[in-house]
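For clarity, chains are labelled A, B, C and D in written order, and residue numbers in each chain start from 1.
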């Protein structure tokens, strides 16, 4: 069997998303974590960087080239801007490439230029790229070899709002996405505002109405609703390690009811293993999805103001990054979409 | 001098708001914490309930009657519904009464009945009550003897939104108040969802668009803006002890600019010691106001959608409860409004 | 295959240890979680009590009797004192019984009486019971049908100290075990001192030199060292959900060196998958074993005072409870000892 | 009055200890925070570095020279090794100097050389220095102009153990100090192990039996007990901002009882405002001393092993650093020793 397994590699394995990918891939029945790379820790074991991995994943960090050469699929967890060249190398080498960065997420180069101050180095390559949000674009992902894995906020917000917009139950104007993220979303690099004593017992917003995920979630919602959507997105930093809670507000169309909304979401997500539409009365909570690939979803209506409040919760490192990337690999290689991803969230 | 000090008493001293009141009053130069009461801990020292208070406040909990009899001003930190009778006793006894509960906050009995399922036992008494949000209703508070202290959310949200609405820079329709509160706001009573392992590393919304503070903040904003305001209010529970961050969204009137907004807020809060309008580029953070009576305020504009994002941060136990109550006492008794309240927030 | 799986049941499934057992058993390749019971939640789904389990474990809580009847092995996660009767029922029914409580841990009834104020209801049953700490008593556990699963502290401390005592490198007198536990160790029942605001940012010791685990760890170390050991054990409560760090102090025998100690531990734990003896220079940390069945171990020598400092870290819910119970099931039923227990600890 | 106030200055004001000093000095009735310095933030306001201080302490960071010139007393919160020269400058300028670093704490240059790899640049200066632990060395501190402020652990451990040793109730051999510190003790500089996601939910020991505070606490205990004491000291890092809990173990002398111990501690600390000897049955907890200058102390006896367990709790930033420094200033300048230090610890 072993030789039938997909050979998976991770470039940028020592960052948080990369390390989480390694953890998930080590438990995948149809894939084998074959090679990893890290610029900062080349030659060191992953378990030297993360002692939690001792005896579970003691692979040594090699070069990008070694990873591309020895693997069937290459996951990249790199800072924005570093993936385009690697993607080209993978294409040349005939290897599948799944990018956890932002380089291939935006279809419009002008938008990319505006928000990332970067260029599309190879427009043909960008045309080949598919946006990897399986619950919405599953068919386009199947069999593909260049997949742009969505960001964390850009997974949580569209999953919370799309069905209402697709069903025409909510207004496409005046949408607000108030999101709260755990600290792992800020990455492994130390900063003053993620220094324990300066984050603990604190809570604030950042990049108010100026976060790069804004155009990405607008792109997804516009595609799905068929109208040009602009929304107000404000991220906040939570003093927890993992999880994103997206509290999304949209004005209801006249006459729209909670029952209609629930039915629209139920039918939209019918059969989606990773989306858990909560029973009425429950509210999505990040603690229930930690370490899992689930997106919990709760729907609420403010009848006094005619407003839909859709709340989604994901683990930013799993459904918001590494887990969704593996879900995309499963689709790209024709495996069971949930293979290696039936991660049981602990209750505490 | 001692005999010139105001004799202050706290009914419900062993709850969080009551205990915080005791702590603040013990440091007040013009008041003396004279008597405290607690139904659950009558006969015990406050420092037996809160060992942190050992040698700083070892008063013994007595009866309500004892407090009313021996004090000039009685603060009540009781569950909703229990203050009306006590207020009447205080009036009869000619004592000032400052209620940290909700019994006297709402002017319209129908609204009170709808949200609290209660009655106004003595309508005359309610007419005498003044709403104690000093930054907005200072003149009405001076010299009064029956003051309804605002709730925590209902302090944070109006302070964030009022100047924009008063200046006609924001639309009174479609306002969203997405608020996040520390756990002390839930009180001292143990519950499953505040049991450490079930809250730690978690984050969720509660009472979505159904929280009792909704009509109270609408009442304040309607009074100040002169129009009937209804907004969508969603509270969330933060895994921190103290603090409320209110992220408030309002559509800007055409042409309204950040400069105009900043000017409106600057002039509105000019001379307000407890409101800190942050310089452009800063964002309000609960960690900067902990243990203080400050309200930090930051203003942001989403020009892509024409939305004002006003963020306020307070300590829910201080400016959101006990501190504001003392601020009201200072006004009622003609003391320096900041007496005993120049609490220096620690940086960590 | 399905019918070949061991039918496993959990009595007391809605407590923390019981819920963790369910989570682990759901991922066990050789066992099937067949029935669960709960007195408090009979008739409700486990996922109603723990929404994190939604779609992963929606079993309904039944009666103890139903669990005993339908399962091959019954795990009990009950308050102390309630297991003896259940154990008798299981024996009568010919079912295997693994007790996570303390009823069968102590061999000496006098000691049990002194620390638990209880009796051995059926001495014969107690003689049949085996103490389930596999790394030390593996051979006695194989094939057994009545297993007393050790406590959390009583797993962490002996694993840290036994090899030094067995090898005669440390003095059996004057041992100190200073232990720190996450809050889940206190169970699901709400208490004032586990109420979030009263535990968060706090840290204290409890049951100083008076904890019931004292005689249990003494029993294990005495058995292994062949001498009667009494030690000083002080537990502390950490503001984290999971994990126990045991910092153990023992006077070194004259001439004993760190090299000798490391060799003794290396040979003692050679081949033990769940014990990770850390390289020199590393220190055991609870964050590296969370959600896993590992026990991390680091050895340190204070040459100035001739003292061994042995530090062990476990997840109190896994190696300290549910994981070890499954490890015992695997031994009792002749499965691979690590089956279902190769749980990969997350790095963050 | 203003002109009668002591002009106080802080060198290294933007570090945690320095910032805490500024906060405390701003509330001191007999001192005025006159000038502060910072190498990293010269020219910036302290409130730009710590927005919590906005409107409370907006002093601009100047040079060391400016601080020495304009102040009567200079507090130094600098990395070890940088204080000796500054102390000399202060002596020349006739200014009082209180050093929060380690340069003047150790009397024996050989010990200093061994643990700090440094030299005594001016032996005469070191002879003038007094060790500033007021509860033990009050009389030597009065009127002095060069004071070495103790470290945090070295305040907590001697306060917990000294009375038992002075009274001859405990053995001076085989003492263990198992200490746990909040993260602020590690300072403001960002490091990987204080990066929020890598400390949160974790707990470990560090510098096991190798921490520089070891010889300092031995020096104090040896001076007080009149015998040469060596102990085993193991510090741990707690996932909280503030506080040190010291769990200290010492073998009791034959016949020594808890009653004798309590009497020894009671008489030793009789009249010490900042030491709170807890009633029997209570255990010291860091949450009860946060933001205060108190040291809480609880005594426990393990009669089974003849061991004293003395537990002390302090705020590492206050009694363990800035608060004690101000206490020393009060003594040096003949003010009420508690002036500006009756800081009321919040209960939550």
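Heads up, the rule we're going with is that a residue touches a chain if its C-beta (ideal position, glycine included) is under 8 Å from a C-beta of that chain, and two chains touch if they have at least 3 such contacts.
A quick map from chain label to UniProt name: A, B, C, D = N-acetyl-gamma-glutamyl-phosphate reductase.
What you are looking at is a predicted structure, and each value in this text was computed from that prediction instead of being measured.
For the pairs B-D and A-B, the count of C-beta pairs in contact is higher at A-B. Using the average of C-alpha coordinates as each chain's centre, D ends up farthest from chain A. In this assembly, the C-alpha centroid of chain B lies 36 Å from the C-alpha centroid of chain D. With centres set at the average Cα position, the gap from chain A to chain B is 39 Å.
Shared interface positions of chain C, defined as residues touching 2 or more other chains, are 16, 184, 197, 201, 239-242, 285, 287-288, 290, 348. Of all residues in chain D, only 16, 19-20, 23, 26-27, 50-57, 184, 201, 241-242, 273, 276, 278, 282, 285, 287-292, 294, 296, 317, 342, 344-348 touch chain B in the complex they form.
If you check the complex, the residues on chain B that touch chain C are 16, 182-184, 188, 190-192, 194-197, 199-201, 239-241. Within the complex formed with chain D, the residues of chain C that make contact are 174, 176, 178, 180, 197-198, 201-206, 208-209, 214, 230-232, 234, 236, 238-243, 245, 247, 249, 251, 283-288, 290, 300-302, 304-305, 307, 309, 311, 313, 348.
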